[in-house]
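Following: one structure in structure tokens, then a few remarks.
For reference, chains read A, B and C in written order, and residue numbers begin at 1 within each chain.
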Amino acid sequence: MTARVSWPDRLRGLAIPAALLLLWQWAAHHSTAYAYAFVPFEQVWRGAVQALESGGLLPNLGASLARTCAGLLIGSVLGLALGGVLAMSTLADKLAGTLFHALRQVPLLAWAPLIGLWFGNSEPARLLVISLAALYPVTLNTFEGLHQAESRHLELASLYQLTAWQQFWRVRLPAALPHVFTGLMHALTFAWISAVGAEMLFSAGPGIGSMMLTAETNQQMEIVLICVITISAMGTLMNHALTLAARRLLRWHR
Amino acid sequence: MSLSLPLPLRGPHWRRVLAHPAFLLVSPLALLALWQAACNSGAVSPQLLVPPLQVWRTALSLAASGDLWLNLSASLYRLAVGFVSGTVLGLLVGALLGTSPRFVVWVGPTFNVLRQVPGIALVPALILLLGVGEAFKIVLVGKAVFFSVALATSESIRAVSGRWSEVGTLYRLSRWQQLRHIALPASLSPVLTGMRIGLNRAWMVLVATELIASESGLGQMMEMARQMFQMDVVMVGIVLTGVIGFGLDRGLRLVQRMLLQRQGGQQ
Amino acid sequence: MSFRHFLLTLLGAATLTSAALAHAEAAPPLKVVRIATISFANNGKVGHTAESAVLDNDGWLQAELKKRGIGLEWVPVSPAAVGPQVNEGFANGRIDFAGYGDLPSIIANASGIQTRLIVPGGPGSNTYLVVPAGSAAKSIKDLKGKRIALHRGRPWEYPFSKLLAANGLTFNDVKIVNLNPQAGAAALASGSVDAFFTLDDAYLLADKGVGKIIWDSKQSSPDWKMRAELWGRKAFIDQYPDVTQLIATAHIRAAHWSAQEANRKAYYQLATGSGIPLSVVEREYAGDITPWKDRFSPLYDTFLQDHYRDEVVYARNAGVIHADLDYRTLFDTRFVDAALKDPALAGFWAARRSQ
């Protein structure tokens, strides 16, 4: 996967995006109706300059990132704990597993009315949504990872007469780490998207989601697009950063 | 309600008790009991927490009036069409990404960028291209499934072919034979996991889409109920989406287990 | 963690949650008054509606509250779901007052959330019917059997029903496509709906050349505008009538300021705080048969009474509410009556009858 990509190959990879962009620009000038959603590049560019100069984009982005990090932290810690409990205790799994798996199938958006009713429509509600988005994948992957510790390792562990606690720390947890990182990767993606969603759902305040909502209300489609591009780019960037971090941290693993 | 537990938790008897399917119902029932108790205590106003019995009655009356079936069938239809088309396309593109380096060079970057674009942001463009009918909702659902399946397929094929290609070369299998006899069977399980993740995401996206633009569907039912402050209907929707999502996930998991068992039997 | 521990933690969490819920019901000692207001993230700042901005700029309310050791908190509400969020806030006691739509208030009271209309008024947004730029339709009558985009459950649903009724149509004569305003605009642009019923964002569509406005509520009775006015939580009003009086007086002061022809331009400027262009604000208020001053009238006159009587009937018949509601119980006129005793305000507004 880390194989170096040659320059000609990179250019080949850009062929389809370039074609899509050309198609976009064609659609933009095709008719006024199409121009509504397929905003011409020149207009997007002007919007980007305006969003950066008026200082709207960066503070909003910062607020969303901070919110995502907080939610990610809460959700991951709880997810690790919950995943650990469910994996280590069959009883806990049997008792709480059904509820957990059923609850995680309820779309986060669908909770909005109840969250609004119980926790209000401001910051706690947003944090709750983001934390939940992070909690589910971390729990699932922690659970899977701890379960998948290979039995020969465990046999070895019992040979050395490790206590259950030592077994957990020295055998199961290290074996589970790659899974946990996969969970964190998913959590990051979901937390980021749901941060934007939560900002659109629950009251205004700084945030890229709020910015997008205001732009939508005022039909500034170029600003909407800039928000979408920013959201996608940030998602990719954070994903990359986490992959790199995981690769470094797990180097001993192979 | 008291739960008396046999003390030696690790005994075989205890295992047998735990394995009983009825045990799966303990946590939902406990939640139900807690919910009812909170309502009975009078500490929570019924506007904030609708009693379970009332939710049940609302569900019955929604079912009797036919509203529930209308919304449910609309949602499930969109999910089914979106899921099947997304899975088929995802398998195809995933297999290509997993087997053909040339395809990766040309399509890979586009794939990775589009994967990051939130589907909801595409709504205006999709409406312009496809109108406000069923098509754009199905495309959004399909997109959610497509990327999960394609990613799982390509990654598992790549992982498998790395490990098994030596065996394949040893037995002088052609590339197609390698794919047919080694890569595909071995990647079945991760692909099914990808499908399960895709189904879960599709269900989420569908409800979100129905909130934004729809005349029918579970998401629409909940959105209208929220506007009209009918929290009982909202609760019916939440319970239903949870139960259906859980059921679909379990169903796919069952299929996964059956396929793997059959595979195990053949080898 | 043992199983018992686990169960105990679970139970503890549940008890805490229910205790928290129960706590929301008890009235705390009054430290702060919370008023919900629609907010927008605009150019890195949080913008408010013009009404809240006028009140905020006045500063009188903050000063009066401060004398009594009470703070003022604006609780922001997302423009995407004003009605539900305010109603949820009233239900869980997280807000005390809100300036918002008439239909959601009726819904709240029919569902047992007790609120009262404290100060009538607010400018009342016009409603618009937009068709695709190339459409031959000239009035709603040409749209019989056609597809019309409308966001159901929002407060402009009632004016739409009035428009239909006035033209001898019912909801069954058109095909309603339920879309939020953003999706509705895209649907109109693509021609996949034949018309779109909305607020002043209609001008944005016209400016982009994707739609043309064939009808607006400017020449109709003010009853056809979407009303938004000051509502208070009944429990709060009963407990703190003095503070409620301050809030009401402050709103009437703000209405009085806004209603001056001389302040009209400044009011427009404040309205752009939501990020909507000034040119749209100007057009929204231009050429309207409702006098500028009357837009801010805080009187519980026959006009207002009839409006609520009819809207409750509509809501009941359309299945928007599921219980009977006596519209007269919605009004608490004490505070306006007291505020209008001020010689500077008495007689400024004249009572209207329905048209």
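Criterion: contacts are C-beta pairs under 8 Å (C-beta built on N, C-alpha and C of every residue); 3 or more make two chains touch, one makes a residue touch a chain.
These numbers were taken from a predicted model, which means no experiment stands behind them.
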Counting C-beta pairs in contact, which comes out ahead: B-C or A-C? A-C
In terms of mean CA position, the chain most removed from chain C is B
Based only on mean CA positions, could you tell me how far chain A sits from chain B in angstrom? 17
Taking each chain's centre as the mean position of its Cα atoms, how many Å separate chain A from chain C? 35
Could you state the distance in Å from the CA-based centre of chain B to that of chain C? 38
Residues within chain C bordering two or more other chains: 3, 21, 81, 84, 91-92, 182, 185-186, 189-190
Please list all residues of chain B that touch 2 or more other chains. 9, 48, 124-125, 127-128, 226
Tell me, which residues of chain A touch at least two other chains? 33-34, 36-37, 91, 95-96, 112-113, 117-118
Per the contact definition, I'd like the list of chain A residues that touch chain B in the complex. 5, 9, 12-17, 20, 33-34, 36-38, 90-91, 94-114, 117-118, 193, 196-197, 212, 221, 224, 227-228, 231-233, 235-236, 239
Please name which positions on chain C make contact with chain B in the complex. 3, 14, 18-19, 21-22, 24-25, 81, 83-84, 87, 91-92, 104, 107-108, 111-113, 149, 152-154, 176-180, 182-183, 185-187, 189-190, 192-193, 320-322
Complex contacts: residues of chain B adjacent to chain A: 9, 15, 18, 23-28, 30-31, 48, 105-110, 112-113, 116-118, 120-121, 124-125, 127-128, 200, 203-204, 207-208, 211, 219, 222, 225-226, 231, 234-235, 237-238, 241-246, 248-249
Which positions of chain C touch chain A when the two form their complex? 1, 3, 6-7, 10, 17, 21, 38-44, 46-47, 75-81, 84-85, 88-89, 91-92, 94, 132-133, 181-182, 185-186, 189-191, 201, 204-205, 208-210, 274-277
Within their complex, state which residues of chain B touch chain C. 5, 9, 34, 38, 41, 43-49, 123-125, 127-129, 131-133, 212-215, 220, 223-224, 226-230
